[in-house]
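Below: a set of structures, written as structure tokens.
Same chain, two partners: subunit A is paired with subunit B first, then with subunit C.
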Partner chain A sequence: MEAGSEKTKQLLITLLPVLALAVLFILFCTFVKAKGYRLDIYLKTIFNQGVVLAVVATGAIFIYTLGSFDISLGAATLFAATVGVLTYNATENFPLMILAIFGTAVACSLFSSILASAFHIPAFVTTVAMLSVLSAVSAQIITTKGGALGGIGIPKTLVKPLDNPPFKITLLAIFFLVCFFVFQLTKIGRRQKFIGGNPVCARLTGIPYNKYAIIAFTMAGIGVGLGAFLTLVYTPSVTTTTASGIGMNIFVAIVFGGMPISGGARSRIHAALIGGFSYILLNNILELALEGSSAYGITQIVSAVFFLAVVCVTSMNYRTDLLPR
Partner chain B sequence: MSIRRKVIGTLAIPVIVGVILEAICLAHGQNVITNMKSFNNFVVYTAIVMITTMALSINLNSGRFDFSLGSMAALSAVIGAKISYALLGGGSGSAYLMLAITIASGALLGLASGCVYVILRIPPIITSLGVTLIYEGVLYTITGGKYVMTEVQNVSMSGFVGTWIHAAVLILLIVVFVIFLFDHTRFGYNYNALRSGQKVAVNTGIREVPNAVGCYVVCGALMGIVGFLNAARNTNINGGQLNFGSIAIMFTAFLPMFIGSYIGRFSNDKLGYLLAAVCMSLLNSTFAVFSNSITASVQSIINAVLLVVFLIYLNNEDLLTRLFVTRGKQAGA
Partner chain C sequence: MKEPILQLKHICKQFGSVIALQDVSMDVYPGEIRGLIGENGSGKSTISSIAAGMQKANSGEMNFKGQPWKPVSMIDALDHGVGMIVQESGTIAGISVAENIFLGELDAFRGKAGIINRGEMNRQADRAMQAIGVSHVKGAMPLASLDFQTRKLVEIAKVNMKHPDILVIDETSTALSHDGREIMYDLMRKYAEEGHAVIFISHDLDEIMEVCDTLTVLRDGILIRTFSKEEFDEDEIRTSMIGRELQGDYYRSDTCASRQEEEALIGEHLCLGEELKDVSITLHKGEIVGVGGLSSCGMHTLGKVLFGAVRPETGSVHTPDGREIRNEETAIAEGIGYVSKDRDIESLCLSASIRDNIAIAGMDKYALGGFLITSGQEKKYVNRQVKELSIKCASAQQLTSQLSGGNKQKVVFGKWIGCGSEILLLDCPTRGVDIGVKQAMYQLMIGLKKEGKSILLISEEMSELIGMSDRIMVMKDGKVTKELERSTELTDAVMIRYMI
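== the complex of A and B ==
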């Protein structure tokens, strides 16, 4: 009997992020309708905001599963998009631009992990350094080529045919399915969860940390590349503030999706997708409810309180006597 | 370890950094510190870096990653600026009043942050994300997202950072206070025990919760001082730092924290943070000398490269030592 109720409780906690997403979606639609705005336009905006965060965060899940984290992903997205724009403007070759975006994104990600692996530096420190370097280099390029406010860009007509939900949903679905396959159905995901759960035990059983860290950072790099490409499809220009919030929003998205930041066995590949859209929906609901620029602060406070409440509820079963670190 | 080795180990990095940077400046017909004004800036910046580094290290050394340092600094500074301006209107003594209020409000913000952590019992990296968002939101609501300028632009504030003496006194007081608190009190002994072995320490009867909350309070108070010094130095406080815009301040403290920990092996890690802050301030002064040719982007890149290079050395020290010893032996043979 007790085991049954425990199972139900577990199931409820597992389903809570999905339920929260559904509730937030219904609330959002209700708010938009009540305000008399066009729901289709608002949904499109939400989708465009959420899809970039969702793809970058889905790739990042592999890093977080290892118990590590990367705060340079936003800066890497900006840098990849910047290199993409520069490539197109120099060659006017669209496929080459895409190749440059993905190549740059994966190279940035791999550089962090190889640096950390080869020289035994904590990965998060290399990502702090990468955050500074990538932001600074991008800012230098953007301000030199296009001015601080104007930014640099590609012709809008080039990406206009791709700026539609079916195309983006297809890209998101393909990337998610690939990640799902690697994470859930291959030994890569299982071993990454093992490393994240108990790195010492994983090492003693012969699982090479460096190999799985490099795979994780590569997957994150692909996510960053896709995020940079989708950013350019939605807004074909890059400024110094492009993708600036992504690096930290990934944390929030992953936690909103019901996954612990510490990684390990409780890591979920769908956490980023659910959490990313939940976070974007919540912010938009609050902005609708508290209209006006002065309400941005209150929106953020409410959003943060909601975030802490969700984490508190979802982590209820994993409390220890000692304070967590 | 002999006293000679301790002294050499403690002073080696700042002396080498100072000599190299001065040589670079001299090669271009300049000096790292050119006049009294640049010396004042040097001491004030040393204070800012040292205090931020200490605040970051208190929790990070205990495995608690705290993103909220920057938001605590900015919010406590705004609270201090608003209250002191309301009471004294920017008149005589308003800088001292603002400093006192900023420290108190910083400590209260730290207390709130610590309470969130110990009550919710979720990893500190997550609570600090939530707390950062809340503090940034409060900051934005108080300021309307605008820069706070009138409240911090007065003779009292400019006088405070217009001389190196105030910053030097702050440095001295804080170093003494932090060394006393963490190395010579029961709180400090408990902190060090919890830091080295959390489970064992708790099992021996050390009360973890008050110690953790105490750490957050100290961090908050220290970041209050940083907020005050930044406000006085920049003559404004940015009130529009939403969506984690305030976290950049903590990244400036990573390099001095690692350098300080290294120097601490030879003496005391708190003294190490001070000397590391001196190194960073010398570097900052050198950047100021070459401000026409070294942009802010290049400065960021140089700082990041230095961080990585130093960590590569730190994490491969044994390997490098073995390599040099082997080569030395081969050369000798």
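== the complex of A and C ==
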């Protein structure tokens, strides 16, 4: 009886993020309808915001699994998009633009991890420095080339054919499946989870942290590149505020998706997907519910409270009774 | 007739589907040193931790000094007179000795300006350490600079400072050297003389029979019997513990050293500060080499150096054909496995399942194409280890943190044996392990020796070294003081001569 109820509890906790996503979706639709807005337009907005967050978060899961985090992902997305725009404007070569976006994104990510490895400091410390550097460099380029408000951009006609859900879903699905494969079905994912669970034991089991940190940051870099590309597809211009909140949003989104903040064995790749869309839905619901000048501040506070509640509930999954030795 | 100071009545405790305690009732009297003994998972730590406020019982009641006893936490229990020294690390590495001792009580040192008087706190911590006879550990020292045994002494000092009416010591002696144990025994006797009570948990039957007045045996969560001092009988206690007579050999039955000619691992002129001073060692195939000495003699460091986890300042570790062991990766590639003394920190990922822990070192063995993990292959690989090592668990998906000490150690063994390690470096492999599991591990080591595998057995238990090793290297102050060949003449006394 006890075992049965324990299993039910565990199952409920595991399913909670999915249930929360479903509830948020229903709530969102209800709010939009109640306000008399067009649901199809709002759903398109949710999809476009969610797909970028989900893609970047999926790559970032590899970093979070190690028990580390990268606050510079938003800045790296902005920087990669900026470099992409500059490349296209200089060459008018679309494939080269894509290459530049991915190259820049992976290079930024790798730079953080290599810097951390070279100076023996935690990777998140270098990502804090990268956040400042990348934001400043991007802002400088954007304001110099196009102005802070208007920003810089590529011709809308260039990416218009790609700005449709099937293309974006396909990209997200391919990237998610690749990440799922690496994370769940190869030694890489297993070892990264082990490092996150106990880095000391992982080292004494012959798992080199630096190697797996570099792989994690590379995967995150690919996610950032994809995110930057999808951002440009949606809005073919880049301003200083593009992707500005992604770094922090990913953190919240992953937790919403049911991933422990400490990473480790209970890390789940689907947390990025579920959490990414949940977070965007929640934000939009709050904005709809709290329209007005103080809406932004209240939205942030409500988000924070919601975040703490989710952490508390999801941590029940791994904060279990221990048998004393 | 004295009134009991602590009464436990019909205590039941369940962890999910695991029944840890079934209707356990027990009285502890003032002036008594009560031993608790039983196999891993028998419930002895659970019952004492319930009394010490670490967790709550599902049912049953407790009385302490005649009053209902419902501690809400360990701190609450300690404040009211029940203190416990836990089996694993109960200290925090990132802060000082004094901060550990006065954890949760720093406000007592806060001045009018709100600033903590660290000088006074350190002085009081020094006094707390001196009170248990340890003067070389100072309050200002960072805890991280102390070894495992000294950290245990800090824990003892911390609990002793509160002078509890009941002192619970959970399987602490295996973490302590000879001197550390003496400190602990003196403290226990002092408590008993002063009319306090001590609940002492240990797997060492000799030790528990020596220091305890009464002995309660638990098995599978049930209180089997309480022995008074005059009823102490080693065989009877053992039979009560495991529910059957211990069959077969405990240590090796052969009395002569044996090994293959072929060398397996060579450490030459290893030096590392004060811990290793020109230590050379050669491990042969099919050989068990014991390394013994006082806890601080350098033997634990030697294990880490041979595994490549610590680089020596001079000297090298290499295979017979000259491939150097530069780090853990190269060591594992050469078929070396390392079982650390600090099991929970260095050998296991407690938040992961048994499956994750066993599988992690052996992926190369079952991964398709060297990288693709299939659930079926992995399950097969893990279940074989679980079965062969008789790991007591609900399933391989169970978290390792939920296992008893002995079963945790079996998981560590499974991790290294499963991946086919040819050389095993075992640092105190039977620490905190009950007699039944110990026997199983010794038989496993004998089997591995027969298969031609090499074992380095680092141990603080002389009987274990004498019983299992082909030869024993005795260490003192970082040097090998004597190498003793296996023989019937070899006794503890001979070893002690070179250890101290």
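Things worth noting here:
FYI, the second predicted complex is superposed on the first by the 315 of 325 C-alpha atoms of A that agree within 3 Å, B and C clash if a C-alpha of one lies under 4 Å from a C-alpha of the other, contacts with A are read in each partner's own complex, and residues count from 1 in each chain.
Keep this in mind: a residue touches a chain if its C-beta (ideal position, glycine included) is under 8 Å from a C-beta of that chain, and two chains touch if they have at least 3 such contacts.
This structure is a prediction, so every number in the text was calculated from the model and none was measured.
Looking at the shared chain after the overlay, A:P208 reaches subunit C, while subunit B stays out of its contact range. Legend: residue contacts after superposition of the two complexes on their common chain; A:T186 is shown touching subunit C, with no touch to subunit B. Looking at the shared chain after the overlay, A:S132 reaches subunit B, while subunit C stays out of its contact range. If you count the residues of subunit A touched by subunit B and by subunit C, you find the higher number for B. In the superposed model, A:V200 lies in contact with subunit C only, and not with subunit B. Once chain A of one complex is fitted onto chain A of the other, the partner contacts of A:H270 are absent, as it touches neither subunit B nor subunit C.
In the overlay built on the shared chain, the residue A:K168 is in contact with neither subunit B nor subunit C.
Of the two partner chains, subunit B is the only one that A:F307 touches; subunit C does not reach it. Subunit A uses residues 320-325 to touch subunit B in one structure and subunit C in the other.
The part of subunit B that touches subunit A in the complex is made up of residues 62-64, 67, 116-118, 120-127, 129-134, 136-142, 144-145, 198-199, 202, 208-209, 212, 242-244, 247, 251, 254, 295-298, 300-301, 303-305, 307-308, 311-312, 315-316. Listed in rising order, the residues of subunit C touching subunit A in the complex are 14-18, 20, 40-41, 45-46, 49, 54-55, 86-88, 170-171, 307, 309, 328-329, 331-333, 338, 340, 345-353, 356, 359-361, 363-364, 367, 371-374, 399, 401-405, 408, 415, 432. Taken in their complex, subunit A has these residues touching subunit B: 115, 119-122, 125-126, 128-133, 135-137, 139-140, 245, 248-249, 251-252, 255, 260-262, 293-294, 296-301, 303-305, 307-308, 311-312, 315, 319-325. Only residues 2-3, 6, 185-188, 190-191, 193-194, 197-198, 200-208, 264-266, 318, 320-325 of subunit A touch subunit C when the two sit together in their complex.
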